[in-house]
Structure formats: structure tokens, C-alpha cells
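Think of it as A, B and C in the order they're written, each chain with its own count starting at 1.
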């Protein structure tokens, strides 16, 4: 589903990504962990075609991300730590807008469906600005999956969520994962990240320094390993 | 095939415009800011320039357009800032939508907001300056001037909103580029008000039309570079 | 980096422009005739027009560099762009000042809405806006991109502004100016051509120096970053 080869990204003299190779098959649920500044957001934005790599290639679903941007974007659902929702509009209005942008067929039905899915059916006619942070995040998930994307990219989805909201999000993600969608989740919260993913990658100073299936990891040992790897100099 | 794509393009532009109007209907922040500012500006111009009688008539087109131009910068800033708030622009960029559709959508929305304010101002101006401005030909000049201004204003506001100075940056960037609109629209309006026909103010209309065509084309071509990283 | 010629080119250009400016000065004061109506004050006209031309040309270069920047993303285009704006700003300021100095003894006022002066003032404002835009953006990549876009869009409006201003001035001619009222002889034309050429050479020389300065700055930043990493 995702084929990234030697992706680099520099902002002037500063290098955010120093050569990332990534291969994720369809249906995999992958967690990307790394400290702040490791380049997780940069990488996810490049995969979402929001940003162009300084060098390297990115193929999503077999398509070249830089050349077929539009078609690639139709297959991607993106969750940022920003909600990407319009505060003055209601949940329903927001989803209706995005349904039109993504050309979602039978949008009324689909909107009702995703709202129920994330448990916001009752609040659909409330303005987004009146919703709690956790609810906004759930609405953002609804927006992200509205158009049946084959790939979900989640950047720090747990930020600002309390334990209960975070649990609910995890359940949702696991559910989505079971539907043969490809999910890439980036977070700096080890515990949650590792428990959700089937495969765990560590990103440090713009490079992937660790890539193992979850089965090979036990949590306490992993935390130590993570600390060791992320304090290393390249 | 092409017709299908064109319709799809228009549908998306329409969706963006409708979304902006819906948001505006709730918050009313763009139009009300522009309207209030315009009225205040009008009063300040009247006091400061001591506009009475004949002087008022002569000054009317100039004061009208100066007000529109300044109020416009407010509206444009607010409109683009709204996209920035919770990452709306990112949401737009994530969608499988041509960047030019985003540009047209935002610019058309801004044009509508400016248009609403202008239409509200005209009767006020007509009354205060004792100059009949509610005429089709004056409206045409208004439309021509606003199209170009809204287009380049949308482009520049998209940049300004990402700078440290934010809203303050936009007038600095926009106003020197609006000289052709200002001169052309004011001269055309003045000519019309003094009794000339549209043909007689033709050279000013031509400047406005050329400006609109050129500036929309250039803004369209460069908008992608502004919003994409 | 290899695309730019090395320091020898800088020296040659600087020397050439130095010679040209000397020649122009000589011609302006010794070769060109004393103008009939305005007297010696008119001699400032050569520098006024020459710097106006360079101011506009520098703007054109900025626009072209902007296109290059957007198309290739290479740092060198951005360096040319910002350097050209800085140098152009200097020349445009000279235009406005010389125009003002000329206006005073001839027409009794420090400012006229004469087309060339007005368009130079507009360009001055645009140059300043360009500088403010760049200063107000943190990321160097965005600085370059925004600068390029503004340089292109702004340049495109200048010819339109020029025509608008000219037509505006012909229907409302200043009672004070009413046209230039200068009698132009062939000697004056030649002097003008030399002055324009000299200033253009000067522009090119200073531009190259400014670009070299920018390259040196880049190198310094890179070295600093490398040191910090250790």
C-alpha cells in the first residue's frame, strides 16, 4: 500500500528526514513512535501529499504520490492533531461539505452511518465549537473515514484526550483495522501506540531505526530499548 | 469526459462557496466587520476632508473606492484566517481537489462578501453624497473592480495569514498592486456620474478588464505554490 | 555552486561599471549641452531616468528569478531574487529623490504626480512590501516561495499601473508641469544612453556582490548548524 524509498526532507539547512525507507502492505496496522522532532509529522504529511519530499519517491496504492496527487488523496484519510473541522458549522454540515469534496455517493446515508459509528449521532446538529475535545476528535475520525479511504494516516490522535476518550479512540481504531484498511499511526505515547499496532517502527532524527512486528516486543523491555535508541547520535 | 470534469470542478467550487456562506451566516464576522468599518471610514472621510456640497459630489467615487479597498482587506484577512483556524485549509488540500478549485472557491466567496457590503453601501453613499450611484453601469464598474481585487486579495491573504504580522501584512502587500483598479474604477465611476456613457469611459473599463484577466490568470497559476509545502 | 563564475568576474564587472559611471559623469557634466529652459539643474535628469530604468529592470529580474524559484526550487534563484530587490530598492529610491530634487527648482514643488515619479513611488512601496513579507516569515523555504509569488504578481501589475497613471495624468495634467518642456538634442540622447548603460552595469556588479554575500551567509549557517550538532 505504501512504498517509500529514500525519502528526505530538508527545510533550508535543517534536515527533518534523512532517508526513510518504508514498506507497508495493505491491511497492516502500523505504529510509528518517536520523540518530538523525530520527523513523524513531516513523514505523515509527505505520505498524505500535503508536502513534497526533497528527494526520494512515494508510492501509495501503486500510484506515484507526486504525479497522481489527486487520485492518491481520494484513497487517504488523514487525522491531524488539528481537527480540520469548521467550528461555526455543525457536525452534519462539516461532513456534508467533505462528502461533496470527496464526491461520496449517497452522502446522506453515509454521513448518518459514520456518525453512528463514532457515537455522535445525537450531536450531529450541534456546532463543532460546542463539542468537547474528545468528541471533536471522534468527529474528525468520521471525517477521515467518510470516503471509504484505503489508507488512514493518524498523526498524534491521542493528543489532548483523557483516558476514557483515548480508550474509545483505540477501540475505534482496532475496529477500523479489522476492516482490512491500512492504518499508520504516529505517536510519542509508547504504551498506547504499541498496544494498537501489529508492527512497530521507531523514527529517530529522520531515520527509521527499528522495525519489528508486535509479537517480538514485550512492553517494559521495549520502553528501555526505545530510550536507548532515541538518545543515540546518528 | 471534459464536460464531466468541468462540472465536477464547478461542483467543488460551489461547495466551497456554500460552505463559506454557511459559516458566515452563523458568525457574520466578515461582512459585519467590513460594514462597520466602511461606515466609520465614511464618517472619517467626511469629517477629515470636510465634504460638503460640490466637493462631496466630486469626492464620492474616490471615497467609495477607498472605503471598498480598505474594508476589503479586513474581509479578505478574516476569510482566510477562518481557514487557518482549525486547519481547514489542510482539509481542503487533503481532498482530491484541484488547487485552482480551492482558489476559485475562496475567491468567489470573498467576491460575494465584498459584493454584499458594496451593495449595502451604495444607497448610503448615494444619500450622503447626493450622488445617484444605484445604477447598472456603476454596478458594472463595481463588479469589474471587485473581481480583480478579490482574486489577487485571496492570493495575498493566503500568504499574509501565515506571516508573523498576519492581518497587518495584507494591506501592505495588496494596496500597491491595486493601483490600476483604484485609478480605473474611480475614473470610470466619476465619468459615469458626470454623465458620460459607458463607451466614453471605455479606456478605464478596458484597464479594469485587462487587469482582471491578467491578475486572475497569474493568481491561479501561483496559488498552488502558496498553499502547498 | 559551480554555475557561478568566480571572483574574477566580480572584479571585472565592478571595474567595468566604475569606468562606465566615470564616463557617464563626464558626459553628463561636460559633453551634454546646457538645457535651454531649465539650465544645469536639468543634468540630474540623466541619473533620474537611468535609475528609473534600472529600478524597473531589477524588478523584472526579480520576477524572472521568482519563476525560476517556483519551477526549480533551487536556492540560487531565491538569492538572485532577494538581491535584486535590495539593489533595485536603492535605485528606485534614487529615482524618487532625484525626481524630487529636480522638481523643486524647476516646478517649485518637491513632488509632482508626474507618471514616471509616481510609478517609481509605487514600485518603491512594492519593494518595501516584498522586504516586509520576507522578514515576516520564519521558514527559509516559505520565504523563498512567498517572495517568488509576490515578485511575479507584483511585477505583472506594474505595466498596468503605468498605463493607468499615465492616462490619469493626461486628463488631469499638473498645471505646474504640463509636460516635460525639454528640448532634446542628439547629444542629450547619447548621454542618456551612456548613463543608462553605466547604471545597468553598476546594477549587475552590485547584484553579483550581493549574491556572493548571500552565498557566504548560507555557508556560515551550514557550518554553524554542523557545529551545533556535535
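Just so we're on the same page, a residue touches a chain if its C-beta (ideal position, glycine included) is under 8 Å from a C-beta of that chain, and two chains touch if they have at least 3 such contacts.
The structure displayed is predicted, hence computed values, not measured ones.
Colleague: Based on which chains touch which, is the overall arrangement a line, ring, star, complete graph, or other?
Modeller: Graph shape here is complete: every pair of chains touches.
Colleague: State the pair with the higher C-beta contact count; candidates are A-C and B-C.
Modeller: Between B-C and A-C, contacts are more numerous in B-C.
Colleague: Please report how many Å separate the Cα centroid of chain A from that of chain B, as a whole number.
Modeller: Averaging C-alpha atoms per chain gives centres 38 Å apart.
Colleague: Per the centroid of Cα atoms for each chain, what is the distance between chain A and chain C, given in Å?
Modeller: Chain A and chain C have C-alpha centres separated by 49 Å.
Colleague: So, what's the distance in Å between the C-alpha centres of chain C and chain B?
Modeller: 31
Colleague: Out of chain B, which residues touch more than one other chain, so two or more?
Modeller: 229
Colleague: At least two other chains touched by the same residue of chain C: list those residues.
Modeller: 141
Colleague: Touching chain C in the complex: which residues of chain A?
Modeller: Those in contact with chain C are residues 11-14.
Colleague: Could you please specify the touching residues of chain C with respect to chain A in the complex?
Modeller: 139-141, 218, 221-222, 225
Colleague: If we count contacts the way the header does, which residues on chain A are in touch with chain B in the complex?
Modeller: 45, 48-52, 70-71, 73-74, 76, 78, 80, 82-89, 93, 97-98, 100-103, 127-128, 143
Colleague: Give the list of chain B residues in touch with chain A in this complex.
Modeller: Counting only chain B, the residues touching chain A are 8, 11-12, 15, 18-19, 22-23, 26-27, 82, 85-88, 90-98, 228-229.
Colleague: Applying the document's contact rule, which stretches of chain B touch chain C when the two form their complex?
Modeller: Residues in contact with chain C: 152, 155-156, 159, 162-165, 169, 172-173, 175-177, 179-180, 183-184, 187, 203-204, 207, 210-211, 214-215, 218-219, 222, 225-226, 229.
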